[in-house]
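Working notes, beginning with the structure itself.
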Amino acid sequence: MNIADVQIVSILPQTLLLAAALVVFLADLVWKDRKGIGLLALAGVLATFVATVVMLAGPGVPTFQHMAAADRFALVISLVMSAAAVLAVLVSLDYIVRVDLPAGEYYGLLLLAASGMMFLGAATHLMTLFLSLEILSIALYALAGIRTTDIRAGEAALKYFLLGAFASAFLLYGMALLYGATGTTSLAGIAAAVPSVQTDPMLIAGLALLLIGFAFKVAAVPFHMWTPDVYQGAPSSVTAFMSVGAKAAGFAALVRVLVAVFPTLYAWWVWPVGVLAVLTMTWGNLAALAQGNVKRMLAYSSIAHAGYILVGVAAGEAGVSGVLFYLMAYALMNIGAFAVLIALERAEEDAAGVELERMRGLFHRRPWLAAAMTVFMFSLAGMPPLAGFFGKLYVFSAAVRSGLLVLAIIGVINSVISAYYYLRVVARMALAAPAEEAEPARCPALTIGTGIAAVGTVLLGIYPTWLLNLVQGTLAVLFGG
Amino acid sequence: MDWIDALLIPAIKSLVVIVVLLLAFAYMTYVERKLVGRFVRRYGPNRAGPFGLLQPIADAFKAIFKEEVIPTEVDKWLYVICPGIAVAGSLIVFGVIPVGDSFMAWGRKITMVVADVNVGVLYVVAMAGLGLYGIFLGGWASNNNFSLLGALRSTAQVITYELPMGLAIASIATITGSLRFGDIIAAQKTLPLIILQPVGFLVYFISGMAEINRSPFDMPETENELVSGYSTEYGGIKFAIYFMAEYINMIVMSILVATLFLGGWQGPFAHLSPLLQLVWLVVKAAVVLFVFIWVRASIPRVRYDKWMKFGWKFLVPLGLANLAVTAVVVALVA
Amino acid sequence: MDAIRYLLILSAVLFSIGAAGVLIRRNALVIFMCIEIMLNAVNLTFIALSRQLQSLDGQIFVFMVMAVAAAEVAIGLGIIVSIFRHKPTTDVDDVSLLKG
Amino acid sequence: MTATPLETVLFIAFGAVAIAGALSVILARHAVYSALGMLVNFVALAAMYIMLSAEFLGIAQLIVYAGAIVVLFLFALMLIGGRRPAEQGRLTGGLAAAGSALVVVFLAEIAYLVMRLTGTAGAKGTVTPDVIAQLGHIQLLGATLLLEYILPFELASVLLLVGIVGAVMLARARRQSRQE
């Protein structure tokens, strides 16, 4: 193996994002226009999106020295990430001026975090996996605390940081034990070695520690305690991006490790993952019922959704395409919901998120905004024919096919429970408007962002097949060519 | 007989190094006071013994027989051991620097270095970082705001100037292809590195002066603003030990400069006798020491914030550029 | 006892001490130090295994972990300092405005 | 891997020091002593690395952890309130007990697993201490790092960039809102 094997094309989307981040940092030194810098970042993420689409359409590209693959799985994750990043930048353009955040650092870190997420989706080596996970985590710690004038943001950042670093240590210990058990740190190598060492105690311990680490990172119960506080305290645009991006990246890595590397140990990991899924769904939904703050409610709802996705992970190979579909749907609907919150949020009093009461009468004041919110809430609740419904459908049906009927049933029950608190938001919007309510922000970029998310959520529900075709059979080439 | 090579000889070497460094320290204070005196047209010490030569011994007696005072509010444990940490940190660095090639004695080949580590240069950087704790924690343990400020400044300064220093060392490693002192000295057989690396030398020299807290960069002390900084609460023998650490640091730094950039113990006819090699090294180090003292006597103390800015915004980029140019040239030549 | 076992147990002990510290201490800085202890314990595992398996992967991993630790320390201390600007405390229990 | 008696003694000594350091991190009443415990732990581990023929990493451990990370911790401590030797960070009763119990279970598990370890797990590589001595540790490590592991290496540099930007942004005193 030598330097000539370096295939820069296989990490093209990530590299584009890194380049865009550097451009943003440099532009920030000489250019004080925050919108302008935002537009630069937007150009960067759009280029990444286009590159990903082109790569998905084109012939397969080789792996990067066994370190990172550009297989369909990685590219679909890149697609989710770049879509999420485009939406996140769109909703931020106006928001960061309103709440007075430093543009260069904000967009730069956002782009770096996105590139870390894409690297995580593409990682085929424990080292790449660990480093990209840390890139995205550390960038998100900083983004969570970016509003340094607000102690709640600082608190969110501190909690996120301490628990994230704690989780990283477990993850790393797991990796060390896997290395010890198999003598290699490349996923392909580990996958090849697993059948011969099967139930080596070191291997099982490593797998368990790895699971704990990932459970922290994707906010699965009982490793979720940081999530509500962090999601509530961080600036809303950051929360929108982090709830989608970090989750998708974490699941991407989890799926690649569990399904592609440890298929022979399926019996060992299916039950822990299943139990995590049940706990996560149930706890997330029950806690969300009690929330009066919409931002915090969405935080618990994101825990619940992590639970649904875990059902797909537990389904093993059959669940991979469902998980990918779910991640895409969740990216659209969740960022969309946050976009509406951002429009409603007023800089001074809403630093910790919009209270449910503030949703009152939105239908009368801003019918389109309210309509978009309704779409997102219905989709999050899993109503047909929206994206969220098909996400759940594929995930649960995969579980049934893998013989995990119990998980699917618990998932459906949970969806029914969750409908209550999502519909509560819609009902509140339909009520009469109070007289003194301030006008929600109007900004073209925010409108476009919300619009794209809403249209995407609907389209993905009406024509789920195109994405389904894309995500199907990714596992066959999980390690690239 | 194995234990002789493994334990006895290094132990003897260490002992020799420590004794020599302690003596050198004593007379370094004398030389410095004499020289600074001459620079400002004074006589310097001239009372104790001929030409004041017994002055260091008188000073030593004074320090030892002073009353031991431990202020009531200090963190006693740390307060007492910190001077020791500082001096240990400066002594231990010397262990990997060769002062000559090797000679035969009692049928054994004896190399003129305590331990020939193949990451010797990095070892020096690491140990210098550990010696810092002596000042840092001593300033903290004193329970005095001036001391704490001095300690913080010292830490910030050392961390800042460790970077350009590391960059200069990286340039050397790029040229010589090794981090072992023996190899670096051997690479300078025909041409000392100061010719090939003038910028690197400058960067290293300046950061070296900052590392050892020499005036005009003695930020941890600054009598006029921090009332001698970290050592405010120290007196008697403990102060003398801090003082000793500072001077030994200075001597070691001069030998490092001589070894990394001036060809070390090599010189005309050096291969004839190990003694001559030692002499060459001492001569080179003495020149560097003279420059240190000269700078101290000539340049007023810089302002702290400007000095930090200089490090980050000038010296680090300069070191980086130097490393980049060096790497490109080495790649083209090779 | 095999040296490798001794080293693995040692690193497990260190890791556990660090984990215990994270759970029982309330000072953000000390919690953070405990996390560093955990990372170092893992580094020891890697290096011991690297020697045992005669491969460099473990050592390179440690190199990467050091980079990660450096970046984490920078960010973590930055966060703690930025909180301290508002409220002079490092006790994690004193910083709890978000409840629900 | 077999160890000579001298090595064994040193291993045990450094191991004991490392454990003592780690324990004093979690038990020290004052955070500065915790930091010192951490320093002791790091130095003992560095010595172990050097004995395990990873001398570059041993030195890097001293430079990065002992020379920079602990110093940064102390720096933050002193910025934040180093002059108050009061107790900061008490132990919390119930949680402490639960945490300790959890950790004891975890430890027992790991010890059990290690004890069950049969011989050497995994395939042996080719990088024996002899090879390392012959090729030079740094040379070997450098070549591997920059040829085989170039992507992680670059990712590490991206990571450091993130760290630098984030830390500067967070720790910087916020100036007045910049001009639009």
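The chains carry the letters A, B, C and D, assigned in the order they are written, with residues numbered from 1 in each.
Convention: contacts are C-beta pairs under 8 Å (C-beta built on N, C-alpha and C of every residue); 3 or more make two chains touch, one makes a residue touch a chain.
Bear in mind the structure is a predicted one, so any value in this text is a computation, not a measurement.
Touching chain B and chain C together: D.
With every chain reduced to the mean of its CA atoms, the largest distance from chain C is reached by B. Between the chain pairs A-D and B-D, more C-beta pairs are in contact across A-D. Note on chain placement: the centre of chain A and the centre of chain D lie 30 Å apart, centres being C-alpha means.
Here the spacing of chain A and chain B, counted between their Cα centres, is 53 Å. Rounded to a whole number, the gap between the C-alpha centres of chain B and chain D is 28 angstrom.
One simple way to say how far apart two chains are is to compare their mean CA positions; for chain A and chain C this gives 26 Å.
Shared interface positions of chain B, i.e. residues touching 2 or more other chains, are not present. Of all residues in chain D, those touching 2 or more other chains are 56, 60, 68, 75, 79, 110, 114, 117, 122-125, 149, 152, 156, 159, 162-163, 166-167, 169-170, listed in ascending order. Counting partner chains per residue, chain C shows two or more touched chains at residues 8, 15, 18-19, 22, 32, 52-53, 55, 57, 60, 64, 67-68, 71-72, 75, 78-80, 82, 85.
The full set of touching chain pairs reads A-C, A-D, B-D, C-D. Across the complex, chain A is touched by residues 8, 15, 18-19, 22, 28, 31-32, 35, 38-39, 41-42, 45-46, 49, 52-53, 55, 57-58, 60-61, 64-65, 67-68, 71-72, 75-76, 78-80, 82-83, 85-87, 92, 95-98, 100 of chain C. Chain A contributes residues 126-127, 130-131, 134, 138, 141-142, 145, 148, 151-152, 154-159, 161-162, 165-166, 168-169, 172-173, 175-177, 179-180, 183-185, 228-229, 232-233, 290-291, 293, 296, 352 to its touches with chain C in the complex.
If you check the complex, the residues on chain D that touch chain C are 1-3, 7-8, 11-12, 15, 18-19, 22-23, 25-26, 31, 34-35, 38, 41-42, 45, 48-49, 52-54, 56-57, 60-61, 64-65, 68-69, 72-73, 75-77, 79-81, 88-92, 95-96, 98-100, 102-104, 106-107, 110-111, 114-115, 117, 120, 122-129, 140-141, 144-145, 149, 152, 156-157, 159-160, 162-164, 166-171, 173. Looking at the complex, you find that chain C touches chain D at residues 2-10, 12-27, 29-30, 32-34, 36-37, 40, 43-44, 47-48, 50-57, 59-60, 62-64, 66-75, 77-82, 84-85, 88, 90-91, 93. Against chain A, the residues of chain D that register as touching in their complex are 109-110, 112-114, 116-117, 121-125, 146-152, 155-156, 158-159, 161-163, 165-167, 169-170, 172, 174, 177-180.
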